[in-house]
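Reviewing the structure listed below.
Naming follows writing order (A, B, C, D and E), and every chain is counted from residue 1.
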Amino acid sequence: MSRIGVFICHCGENIGRTVDCVRVAHNLENVPGVVHSIDYKYMCSDPGQALIKQAIRELQLDGVVVGACSPHMHEKTFRKAAAAAGLNPYLCEMANLREHCSWIHEDRERATDKAIGLARFMVEKIKYNRPLATIRIPVERRALVIGGGIAGIQAALDIADGGREVILVEKEPSIGGHMSQLSETFPTLDCSQCILTPRMVEVAQHPNIQLLAYSEVESVEGYIGNFQVKIRRKARSVDEIKCNGCGECQKNCPNQKIPGEFDRGLGMRTAIYVPFPQAVPNIPVIDRAKCAFYRGKAKGVKKAVCGKCAEVCGPKAIDFDQQDSFVTEEVGAIVVATGYQLYSIGKAQESETLRGYGEYGYGAIPDVIDGLQFERLASASGPTGGKILRPSDGKEPKTIVFLQCIGSRDRAKGIEYCSKICCMYVAKHAILYHHKVDHGRAIVFYLDIRAGGKGYDEFVRRAIEESHALYLRGRVSRLFRNGDTICVHGVDTLSGEPVAIDADMVVLATAMRAQPDIASLAQKLSISYDRHGFLNEAHPKLRPVETNTAGVYLAGACQSPRDIPDSVAMASAAAAKVLGLFSNELLEREPLIARVDQLACTGCFHCERVCPYGAIERKQLKDGKGRVIKIVAEVNQGVCQGCGTCQATCPSKSVELEGFTDEQVYAAVNAL
Amino acid sequence: MNIRRMIGKTDLDVLIRDLISAGKRVIAPVRCGDSQHEALEYAPVRSPAEIHWAGPLPLRSLKEIIFPPTETLFGWKQVKSSVEIEANPNGFRETVIIGARPCDAAAFEIVDRVMGWDYRDDLWFGRRQATTILTVACPHGDESCFCPAVGLSPESARGADWFLTPADGGFEAAILTQKGEALLEPYKAQWPEPNNFSKQQLSGLESKVRANLKVQPESIRQWLEKHFDDPLWKHVALRCHGCGACAFVCPACHCFDIVDEPEGIDRGRRRRNWDACQPALFTLHGSGHNPRKDQAARFRQRIMHKFNYYPARFGEVLCTGCGRCVRVCAAGMDLIAILAEIGRRSEEAGAAS
Amino acid sequence: MQELRDLARRLLRENQVNVILGYECARRGVRPAFITEAADCDRLVFDHRCVHNLAAYLSPRRTHVRALGRPAVVIKACDARAVAGLIRESQIEREETVLIGVRCGGVVLDPADSSPLSSGNIAPRCSACDQREPALFDHLVGEPKGAPAGEASRDARLSEIEAMNPEERLGLWIGLLGRCTRCHACRQICPMCFCERCIADKTQPAWIETSPHSRGNFAWHLTRALHLAGRCVDCGECERACPARIPLGLLSRKAARSVASRYGYVVTDDPAIPTPIGSFQFDDGQEFIA
Amino acid sequence: MRLGYFPGCSLHGTAREYEESLKAVAAALHIELEEIRDWACCGATSAHATSRTLGVALPARTLMQAEKQNLDRIFAPCAACYNRLASAQHALAHDATMASQIRSILDYSPKTSVSIINIAQLLSAQAGEIQKNSKAPLNGLKIACYYGCLLVRPPEVCKFDDPEAPNSLDHIVSATGAAPVAWDMALECCGGGFSLSRTASVVRLSRAILKSARSAGAHALAVACPMCHSNLDFRQQAINKRNRDGEAMPILFLSQLVGLSLGLDPIQLGLHRHFVSPQPLLDRIGMGKLQPERREQV
Amino acid sequence: MASSFEPNIVAFVCNWCTYTGADLAGTSRISMAPNVRIIRLPCTGRIDTLFILKALERGADGIIVSGCHPADCHYTAGNYHARRRFAIFRDLMEFVGIDPHRVTFSWVSASEGGKWAEVVDRTTERVRRLGPFRTYPRLARGAGE
């Protein structure tokens, strides 16, 4: 027989006005199991709470029902009070007599009857409440950051500065990401390299950061606070310890004419190379597909075809036999900052929903380039040393036409979303062009100008008013070669006139797209992604940097198109989340999670199918002699979030959600 | 008592109409609805026309007339910390069963023994008392019948108040009990006595169904007594799905379960429901331990109960050979085959000793 | 037939399996057989009386069958769907069970009925069945069979009931389910009802009243139908086993119709296809939600 | 290979040489062309411009005929015909209301499984054969492949090539041994249906195309559409009257080029029927003289 | 009669959207019928069809099941699973003659206090018109006796 105390709150007049609290208290008095039932003006007030504590102590209550406001308002308050009096907080429940009763009804009689009913629900429910203990999971207070772009760098530094170890994994030979390729940045036009390089160096030197460049995440096991991550360290063919980054190998590499990725094919690199001078780590890697030594071996030539780099290498760091190796790291949290790729303009598209832009002859017409190539041309460290010159003949373009929304906001081309950054970088290009080529004519075809952001719209105005960029609202249908110029056929929808412009160069403002291999990474982390391949946040408004896998966070353009400030802000936010998680050795969680009755469980694993968090694990049930009797479901306490979908789905109800068990709901329904 | 009457078809109809209009519950074999095969069931009738005298054995036995699948024992209501009991008015309605098959009628007498043994089950006897049974000579037997093997026959009048034998255009009725006589009273005068008192000669049915199973219950019992642990059980129980169908259609099975069924927080009813020994749940302890751990043990219990324990205590087998368990089993469990096998083994054993 | 027996004999002799779950002739028609000796393989039969769905015997719940060791089971196309279900829901390991597929031209409803197959005695499910052989098997035996005779629309009754008004329907089902005595034959024989402890047997709390009155019976049969939605293999065993002759198939087929029309899902013998309950589409229909 | 053949109006009239060359090439490549019985106008000209329903119903009827002839593939050499047939089929497959409308009109429901192919699809599939059997490879010829507006568009209907940067014709031309030139106007409008109503426009548009082809160094234009052909071939007179851009540019049907490479007789290929004589072209690859033409040359 | 009849309705709602939406209705003082009593659960994913049956057995005349709109689920997918469960259960209920108009399914977000009031009032009205659902709890009566 339970000993339940009922405490009905008038909430001043709020409840008392329409609900006869005295009658409610009296009625509940006669309910079997109730040993104490009173009403009071303000239960949440100190004297109110004192009444509850006192009753718990003096009457040895084993359950407390507070009829007051919404539990969202005061559940914590009253549970704390109960705990203070030595009652397990989960033996205290609230009946919502205010928001769900007094505030929405006028008829005093019926409101009171309903209030009695609501309180009754809770009295019956609480008879089946179990004392629950907060769940504590040990946390491995080290973080993994995937991706060494600006977002990854920022997150890594913030966490490291917070005093926690970070493992930063970058798949390219150097960190830096797309930002390292940019010339200047909008809206301030400060030089990208100048602000990025110091951060990169900081990463390399930070005692709390372990940088694993030219590496990729192979597999992820475990759950929040306790991930085991296997990382593949791709073979550089160069010993990272021995190499001193002198660069002799590159000078002497016979193969000097390889279109460089970093310069988007506008500049050349060698077979053994460092992607760019400021690379971190400053250690070269051998491109085995291009290197004479490996090609020779592939052809089956016995003696080494080439070994120049090895010959000239002082510290003998070249290691032609190096193989991929693996390391496994224990981490408590993971920040995903894998960034983006650019829309590939050509006809070849990895997905058949994407159409490409054959009509712009990218690849066929040499002076049709994309935005990032323009960045390289404009960059002081770029192939032209910062001069804007045509790839075809190295002449200075007098007229450049910029086309916005290439690969974005166009259903016909397979992408609806807005890439967010293009309006701004085109404005930047126009301004840079104006700076570098006087009397240069910049013409921009746009659909809309999206310049939301601090100083952004001003920046666009500046492109138009100070740099005299001509903005035409409309699309371009086709580019034609016209001698050594490009004839741009488009339409100015504001004047309604078709326009044909002879341009020396055309720059396509290509959109941000999700990384091509995102699906496999998402599966490793069991996080979801939208149909464009951008990773999904846990909640679009309230949990923008979390994912639906606890302990995995997002930063930067892997979640959606983002510019640098947004990415950095998000990275810091993710870092804050990680540091918050790391603030305790033990991770505390509400014990309102699912529990499997393994005797009754048949192991059909419907629960596994419906669990949004992958919290269901398979466990072998063994008999005394260690023989497997059956395989049953088990709930991972660290992962379960307590939605209870498993229980409603379980045909035999062999899994229970603490706090909302079948017995509790049944009892409440019984009280109808 | 040896009262006999010739009852014409129309006379019988009159009797039935009178009973119905007198507010009595009249149960008889009728066509069973929503079944794609020609099947009968015992059910209340509103007019004599509904009654099927011929045709196969009704799907379920007469048991449920006296012993319903579920019945309320009492209701309860909790007030503060005490409980109020409201007795359930188990009014025993006057009932007349017309066209009962011998194997069903006989079952009542057999079960009477256990129902009135150490504790007298008032619900059972209350209904028994209020029920008059008009048995009819069995019109139809098949390969699953074996009443002769358990000491009955298609013409057995056991448990009957009247026994009806078809005779030209109607029935020759033998009135066998006071209850029967009371029922006859209003018509005693106008219905003629049969002219020849000669015992009706047996129809071919007796010999036909006798061929289905030739065993002596006693020899079965003797074997069972010595073979609680016998590989036979594991072997025969393999195909058993462990449902309660055989027990629920059996006229003699009488196990029940008592449950308290809440109808709200503070009130509910205590009911007794049919139960059966084949489902594992029957003997499952709260601890999770089950003394009859597999189907072999459960099936053995069924046979032992019917053909060993019951005769040991009450002197006769708990089976009337109606064969329903054989017909109804979707897994092809065949009591006849099993009893035959046991009989054979018993013979051998006997010969051996 | 010989093909089947020889195969069974080989499987036992080569110790590939310990027991053959098949069919044999008995005093009263055909019944399930459990053959552990190569010598007994000649008892095996397969003909139009083999209505039983032997997949039921594979479920771990059948401890006494499991005790016999590694099984080979004779399955018709319809039975194969059940086997797939058991694999899909982790009840058996595909590798641990040898599947002997048999070509089937339809079976009779009553295994004791030895008269030739006709639209009169055919099992209702067969008249609508267009699968002559399973796709899921290790061995496939038997002569190719023709499609069985049978009435065109098997679900006429279903549509008929759908057409009634709520009161009529409620009346109808009160009448039908009122006959249920909770022998649970429907559950026990069902290959997909393999729960260790059925919700109907759970007493704390007792969601489903154990008493065989219409209220308890509604809760039981509705819940069972829901649990079988997208899982029921439509082998008709529940209906065949019901001693009260309640047309239980109507409920499970209604559920099947529901998942088919809503989610385009039809139960197949491909274990890889997930069940409709436990999966979802973002744009699943929700016309009934305000 | 057996193909349903839908000539359409022009191949029996203004574009006889197209049909002649096609038949010759088909024979050489062992392709059996079976003309659809009682075919109707494809609706390209006025029908679909005036009534969408009619524009679908006409080709739908032809599809029906083809099915009754149980042809599973229909070859429509004329780009316009191809486009109408394909569009109609697309409408039947994706526009339920239209489909039912058509059903009631024809009281027959054409199944949308019949595949409709144009000359680009047909010949690029045969490219291998063409190369193998080419007796007189057209080495040294520079050809501008002109796709026009109807061959590869709209993309949802003509799925076989990139709607903005197609290359199927270039592929075929390479197979003949000739060299396709890179140029920009392969998809631009030639004036199409305005050939008679707005000659001036046609002249302007066609001229741009010819200029572009010339500047790309092409010796001739390969076309796959009778309408384009008549515009570009017949209108060159007018064009060159107004402004002397340079040598007249022979306009050849793709089938004629292929035919030449297969070593077929130019006359058999109808090369003598053009307004702009392809003679210079033939000289370039060392082929015999065409018969003296009735019409005076440009 | 029907007008004087006050239906007894129970609502099973999710904690994050509908319960909070009902709170909002309260703080906004939106008046509504007092016939509905809420039982709070974490997610529609937790709401079992057994709750509905038991409520009917206990004499509920009407039932409301409500949770987060698609894509709003606090647990990302609970409501999608619930949607399928209830779709099929509703079909079955209807099939055995339990008038589906007695059960309202709705999506009510935390910001839709007004919508919650509508759902409550509309359901109350509808069930009032249908009259009391005594049939169901009484299905147990008379069995055997």
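The rule is short, and it goes like this: a contact is a pair of C-beta atoms (placed from the backbone, for glycine too) under 8 Å apart; a residue touches a chain by one contact, two chains touch by 3 or more.
No experiment lies behind these values; they were computed from the predicted model shown.
Once chain C is excluded from the assembly, the chains that remain, linked only through touching, form one piece.
Contact with chain A and chain E alike is made by B, C.
Path length between chain A and chain B in the touching-chain graph (shortest route): 1. Seen from the Cα centre of chain B, the chain whose own Cα centre is farthest off is D. Greatest Cα centroid separation from chain C: this falls to D. For chain pairs B-E and A-C, the one joined by more C-beta pairs in contact is A-C.
Remark: chain C and chain E have CA centroids separated by 34 Å (rounded to whole angstrom).
Here the CA centre of chain A is 53 Å from the CA centre of chain D. Computed centre separation for the pair chain B/chain C is 31 angstrom, with centres defined by C-alpha atoms.
Chain D has its Cα centroid 61 Å from the Cα centroid of chain C.
For chain E, the set of residues touching two or more other chains reads 49-50, 54, 57-58, 77, 81, 85, 137, 140, 143-144.
Multi-chain contact residues of chain B, defined as those touching 2 or more other chains: 69-70, 261-262, 264.
Contacts with at least two other chains are made by no residue of chain D. Pairwise, the chains that touch each other are A-B, A-C, A-D, A-E, B-C, B-E, C-E. Residues 57-58, 137, 140, 143-145 of chain E are the ones touching chain B in the complex.
Put simply, chain B touches chain E in their complex at residues 68-72, 88, 90-91, 261, 263-264, 269. Chain E contributes residues 6, 8, 10, 19-20, 22-23, 25-27, 29-32, 34, 37-43, 45-51, 54-55, 58-60, 74-78, 81-82, 85, 117 to its touches with chain A in the complex. By the touch rule above, chain A contacts chain E in their complex via residues 70-72, 96, 98-101, 103-107, 110-111, 113-114, 117-118, 121, 528, 538-539, 548, 592, 610, 612-613, 641-645, 647-649, 657, 659-660, 662, 665-666, 668-670, 672. Contacts from chain E toward chain C in the complex involve residues 49-50, 53-54, 57, 70-71, 77, 80-81, 83-100, 104-107, 119, 122, 135-141, 143-144.
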